Amino acid sequence: MTRKTGRQFFSNPGPTNIPDSVLRAMNRATIDFNDPEFVEVYNSSVRSLKALLHMAEPGSELFFYTASGHGAWEATLVNLLSPGDTVLVLESGYFSEGWAGMAEKLGLVAQTVQADWRRGIDPAAVEAALRADAAGRIKAVLAVHNETASGMAMSMPAIRQAMDAAGHGALLLADTISSLGSIPFRMDDWGIDAVVGGSQKGLMLPTGFSFTAVSAKAVAAHAQARLPRSYFDWAEMAKRSHRSFVGTIPVGHFYGLQESLRLIELEGIDAVIARHHRLAEATRRAVRAWSGNAGPQLYGLDPARLSDSVTAVLMPDGHSADAVRKTAMDRFNVSLGGGLGKLNGTVFRIGHLGDLNEPMILGTLAAVEMSLRINGVPHGRGGVDAAMDYLAA
Amino acid sequence: MTRKTGRQFFSNPGPTNIPDSVLRAMNRATIDFNDPEFVEVYNSSVRSLKALLHMAEPGSELFFYTASGHGAWEATLVNLLSPGDTVLVLESGYFSEGWAGMAEKLGLVAQTVQADWRRGIDPAAVEAALRADAAGRIKAVLAVHNETASGMAMSMPAIRQAMDAAGHGALLLADTISSLGSIPFRMDDWGIDAVVGGSQKGLMLPTGFSFTAVSAKAVAAHAQARLPRSYFDWAEMAKRSHRSFVGTIPVGHFYGLQESLRLIELEGIDAVIARHHRLAEATRRAVRAWSGNAGPQLYGLDPARLSDSVTAVLMPDGHSADAVRKTAMDRFNVSLGGGLGKLNGTVFRIGHLGDLNEPMILGTLAAVEMSLRINGVPHGRGGVDAAMDYLAA
Amino acid sequence: MTRKTGRQFFSNPGPTNIPDSVLRAMNRATIDFNDPEFVEVYNSSVRSLKALLHMAEPGSELFFYTASGHGAWEATLVNLLSPGDTVLVLESGYFSEGWAGMAEKLGLVAQTVQADWRRGIDPAAVEAALRADAAGRIKAVLAVHNETASGMAMSMPAIRQAMDAAGHGALLLADTISSLGSIPFRMDDWGIDAVVGGSQKGLMLPTGFSFTAVSAKAVAAHAQARLPRSYFDWAEMAKRSHRSFVGTIPVGHFYGLQESLRLIELEGIDAVIARHHRLAEATRRAVRAWSGNAGPQLYGLDPARLSDSVTAVLMPDGHSADAVRKTAMDRFNVSLGGGLGKLNGTVFRIGHLGDLNEPMILGTLAAVEMSLRINGVPHGRGGVDAAMDYLAA
Amino acid sequence: MTRKTGRQFFSNPGPTNIPDSVLRAMNRATIDFNDPEFVEVYNSSVRSLKALLHMAEPGSELFFYTASGHGAWEATLVNLLSPGDTVLVLESGYFSEGWAGMAEKLGLVAQTVQADWRRGIDPAAVEAALRADAAGRIKAVLAVHNETASGMAMSMPAIRQAMDAAGHGALLLADTISSLGSIPFRMDDWGIDAVVGGSQKGLMLPTGFSFTAVSAKAVAAHAQARLPRSYFDWAEMAKRSHRSFVGTIPVGHFYGLQESLRLIELEGIDAVIARHHRLAEATRRAVRAWSGNAGPQLYGLDPARLSDSVTAVLMPDGHSADAVRKTAMDRFNVSLGGGLGKLNGTVFRIGHLGDLNEPMILGTLAAVEMSLRINGVPHGRGGVDAAMDYLAA
């Protein structure tokens, strides 16, 4: 195998770059999870994570799992719902499809509010679907705050408003796996009942734990929920001293979490969000420059909804996204995200979340621009220049 | 907080010591799990792990999860069984209780073959229970190969023999979480249909993934199993290129796994097993010395069944195991395992599995002996001497 | 302090980027330098380093020091020369000045062949100086193969030829601190008597050891040399089992050296050299683009001598190199080298040696281009584009 | 090669165990030594090190070198003395011999006050030697505070007193390489003019830097000193912004130093010293137990002078220290120090300094006791028991 030199530019939208200091914090011998030293690390991580979630409601709970984000979604569904319950899934892309499929497999009925993946959901359609549910069969609304596959974000306040307008009492479950720590998120203010999050995106950690933040209303719903559960059972967790996890705890990840949250607090969450916006906008300007000459274009069509954590790029007809990705990797050591599900081969994705700065995104954009050229993909020149013009302003 | 100096002696029976080279291997930037470099690491880890399991049957499968051992047990049950199925749980201690409870929560019926925790199961009782199941309600037998809580191992061949003698077709599910890589284990030869394992014991890794090794017979049973499942669904996994995991993969753990399996292969599994036995026997000789003068004694009463990965020590009446543990930790920076469930406070446990050598176990035993003295626990002197006599022989 | 996000782009010409795998290799507990495990690591490192030096002459020696490159120069002088000896220093820039000054401080006479730093030495002048030394006072010629301060390399074969043409028997001492592992170097073929090298440049290690590779002729000269020495005394080292070091050995660095040499061998030294040339040429094309519109220009004026490991950039009059560097650092987390000695403030330097790839150098060039703009430095646009055009060709 | 399992017990008296958090702190990408982040780390390290030295005299200086302790001794001599100067070396063992030899090689005259290595120096003999120097030829007294080779410490106040009593103005140079951070040391109070220290003993770092702390009187002497010097020249260093180092700075080591000094401050230097005494005393009690039955004995004969950082053990006639060391290493993964110089083969040494706790030293002592037995060395039993009795008291 030939050696790839230098540091890989990991421009996938998740898992994401891990800051060196987080790797350092995790690089440690085992510790008993009941050791007071660990309990302090754990408790301080929980406090900081709640602050990041803007979660302070009395009676709310935060449950962790040794699991990926998919596990946290399963945990959320089995703890809140009963066999045969209907959930209203707001279509956003590959992941909303996935959660609908998961709900069905777990014995729920998934009703979908359809949407064009390139435009995103219409809150009025959500309101209409809820109004139509006179019988109250819908027990929960499932929304993906930031759809990694399409590079589009959804306004959670607008969804909340639609639910309130419909006067419907369903729980609002939001997937913040690829948004938390990157774009604004406010659990309490937005009236979200269950927030599903993971370690490996904006929290800048390796895959290893995921969690659900649960409102007091959802805690009450949990008491009535009858889907079978054990590994993910919140009631079981609530009996344990850490009030989380069934089984052993991935202690190293909490040393990492403490550090990643310290980094976010040191920079300031507002600055973090502003930086994500700045680097995302630079990326979009590059793509718009490339889109000239019948080149690749932004997958998302509604500028107001373009995600600040990932940009999905749609290839011109007849050109392979994976060929571009392969060139970027093999020749320039840059890892781009591929198209998911039905977007496979026609879309590639540039992650710009987590531990990132200007030269990192510019190096990535330069690799993309060169890879387009090398693959003979028609495109407007000057993408990197456009990004630089914006970033130097 | 006062500083604990030196390296902590982590003498818990799990999670266990992580070799420095494993920590180093895991201390790395993120990589895409579809990157060919990672795929090579992944595939080589799978090959080595199958070799360690002595698992080569055609049609068998190995499924991984981002989860702890509890998650792997849930995965195993939901993939193999249907609502209302009966499982026969062989009582061994705290963990067999746990799996019985889990089965009930998931909608199964758990029938238990009772046993004295200090003596272990009687295979004849297993055979009898199976013979009594004329209706064939029992679909699976659940056995904990090595019961971490009691420090007792169970003969899996004896269980297999009992099942064969009864002519019962139930699946045999074995928990090797605290045995694999420490004491002999042979999946194919012993006719085990599903092996549940985790990363954080004999594999010497942090908590982070767990797995089920599945026989061809169990693969067939899976096709009929109707318990709801999604995150742990083997059918879903089988569609993916890694044939494991739903969702993102904890890539760093596989760099660690590759290294820990390399270490085991370098030492040789027979040498690893012999070393575990040697250090375990040294520990038992120390405990037997202490047991003089009405001191603490080995919890397990059947010498043939004492575990080579953990020793459970029963305190004399009126003396607290946790006081001894606290002294060991606060004064000597030695972390001992506590008593689980009904053994809480009366038992402490010395882990001697994984990355361990003679001075490590002797340092631990010395700390225990001093802690007994400091706490005024009656005991025979010379425990460390007895261990040294054995180890120097 | 505000947090700098993402990985710093360390574009200094030394110390240089350390590959992650080298950091990992060094991240280990202490080992006795007489431990057979270490001796194996040490010996394999020595073998690989000799191969990289193209050093195979019988009777030659390789001596290591716990010291930086300055220490290795002192070691080389005190082991080869006697009080009052004359050394002929070939002027190349800041570092040739430094070695001349060092020679004087150690009791030698330093005679300098002057040269324009922007054009480099004239071999004919070297030949003339040696021919003029009828008395044979000159005992050694001191040449800096790659002058980090000016970004100019010197043809060592041309110097060797000049010495041969003059028929002068002086030793040829070459400084390869910033060239070895980046541009071609052949000790034996080029007739070099002492090669001075260090850990922290092309060998991609932290500062910590340096070395002299000594020809058989120089070994003989050492026997006659009378400058006082102890810490750096080769005779003392030759008595020790490692034939290097007076005092303790920095063991961790040799684990790192073994790994960095493994990386070089894996890539292949020819590929390493070609990569350095490619990234250097991309950098020069960027600078040439900027030089339009009375902008910054390449400091070196002889294109044939421009270094492939570092590019020195001369600012237009009235503009501060340090202001550009400060912007690159504060706003873009890019560390550039400053001007050394008389070049301070008017020159900045872009290191492009060691563990580097295309997006890394492009990210750096983008940061420089933006920093020029932000500081109102006149310059031609399109530097990054020019580099991309070259790299995508 | 067979695998050594578990963590090696590194019981050498230097280099020493490196705390995991120090390794972590050093495991980082390169940083420019002029980067403000590094300057802060550097300055805080200097402040803490001065505090540890009890060094606060106005006009005093602290100079660092990329070098081992031998380099720091050379630096100290060449900066303070002139060719032909006489130094008075106080014999303590292998290292005092070494410094005398170094002085001679550098062009000084070394006059030795002889002493029995097993009993240590007689301060009256020092006073006598100085009184005899009516001509004032002696410019400096060289004392090894803690002689690692013999396991004996010297009372620096007693030496100071002897010098004062003689009314002699020589400089007092003290080697604290193996004492600082382990046993009490007070530069100002004890009137020491130059303190030579290194990174790899009580400071718990890898080999990589060493230093001299210089009193105001010695700073004045430096101005007159005429030994040739360049790499170690304090005058050159004083011109640089860090006031230390000629050439590049080993930045990683200062991240490590900051951490190791933080650990010492967290524990408290008095507690550190008390811990060293406790673990040393336990070691001595073990050796005294072994010395029964014509077994090995403490090399040092004056109990008041036995070092708290290292214990030298003298083998009974006809038994090899190295055979014991080899067994300890090959069979128990315990690294012991060998006998230095004339003690080679007859003495082994147990380091008990730096990052150490009770079970670590007890594990080491157990390995030694078993290795004595395995090698058929006569010895009294119960060494570990004696140490435990003391430590549990």
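Per-chain numbering from 1; labels A, B, C and D assigned in written order.
By definition in this document, a contact is a pair of C-beta atoms (placed from the backbone, for glycine too) under 8 Å apart; a residue touches a chain by one contact, two chains touch by 3 or more.
Bear in mind the structure is a predicted one, so any value in this text is a computation, not a measurement.
When the interfaces B-C and A-B are ranked by how many C-beta pairs touch across them, A-B comes first.
Chain centres were defined as the mean of their Cα atoms; on that basis the chain farthest from subunit A turns out to be D. Separating the CA-averaged centres of subunit A and subunit B is a span of 34 Å. Rounded to whole angstrom, the centroid-to-centroid distance between subunit B and subunit C, based on C-alpha atoms, equals 54 Å. Counting partners per residue, subunit D has 7, 17, 20, 24, 27-29 as the residues that reach two or more other chains. Interface residues of subunit B facing subunit A in the complex, by the touch rule stated above, are 1, 7-8, 10, 12, 14-18, 23-24, 26-32, 34-35, 37, 65-71, 73-74, 101-102, 105-107, 198, 200, 206-208, 227-231, 233, 245-252, 329, 335, 338. Looking at the complex, you find that subunit D touches subunit A at residues 20, 24-25, 27-29.
Listing the residues of subunit B that touch subunit D in their complex gives 2-7, 9, 17, 20, 27, 263, 266-267, 275, 331-334, 355-360, 362-364, 366-367, 369-370, 373-374, 381-382, 384-385, 388, 391-392.
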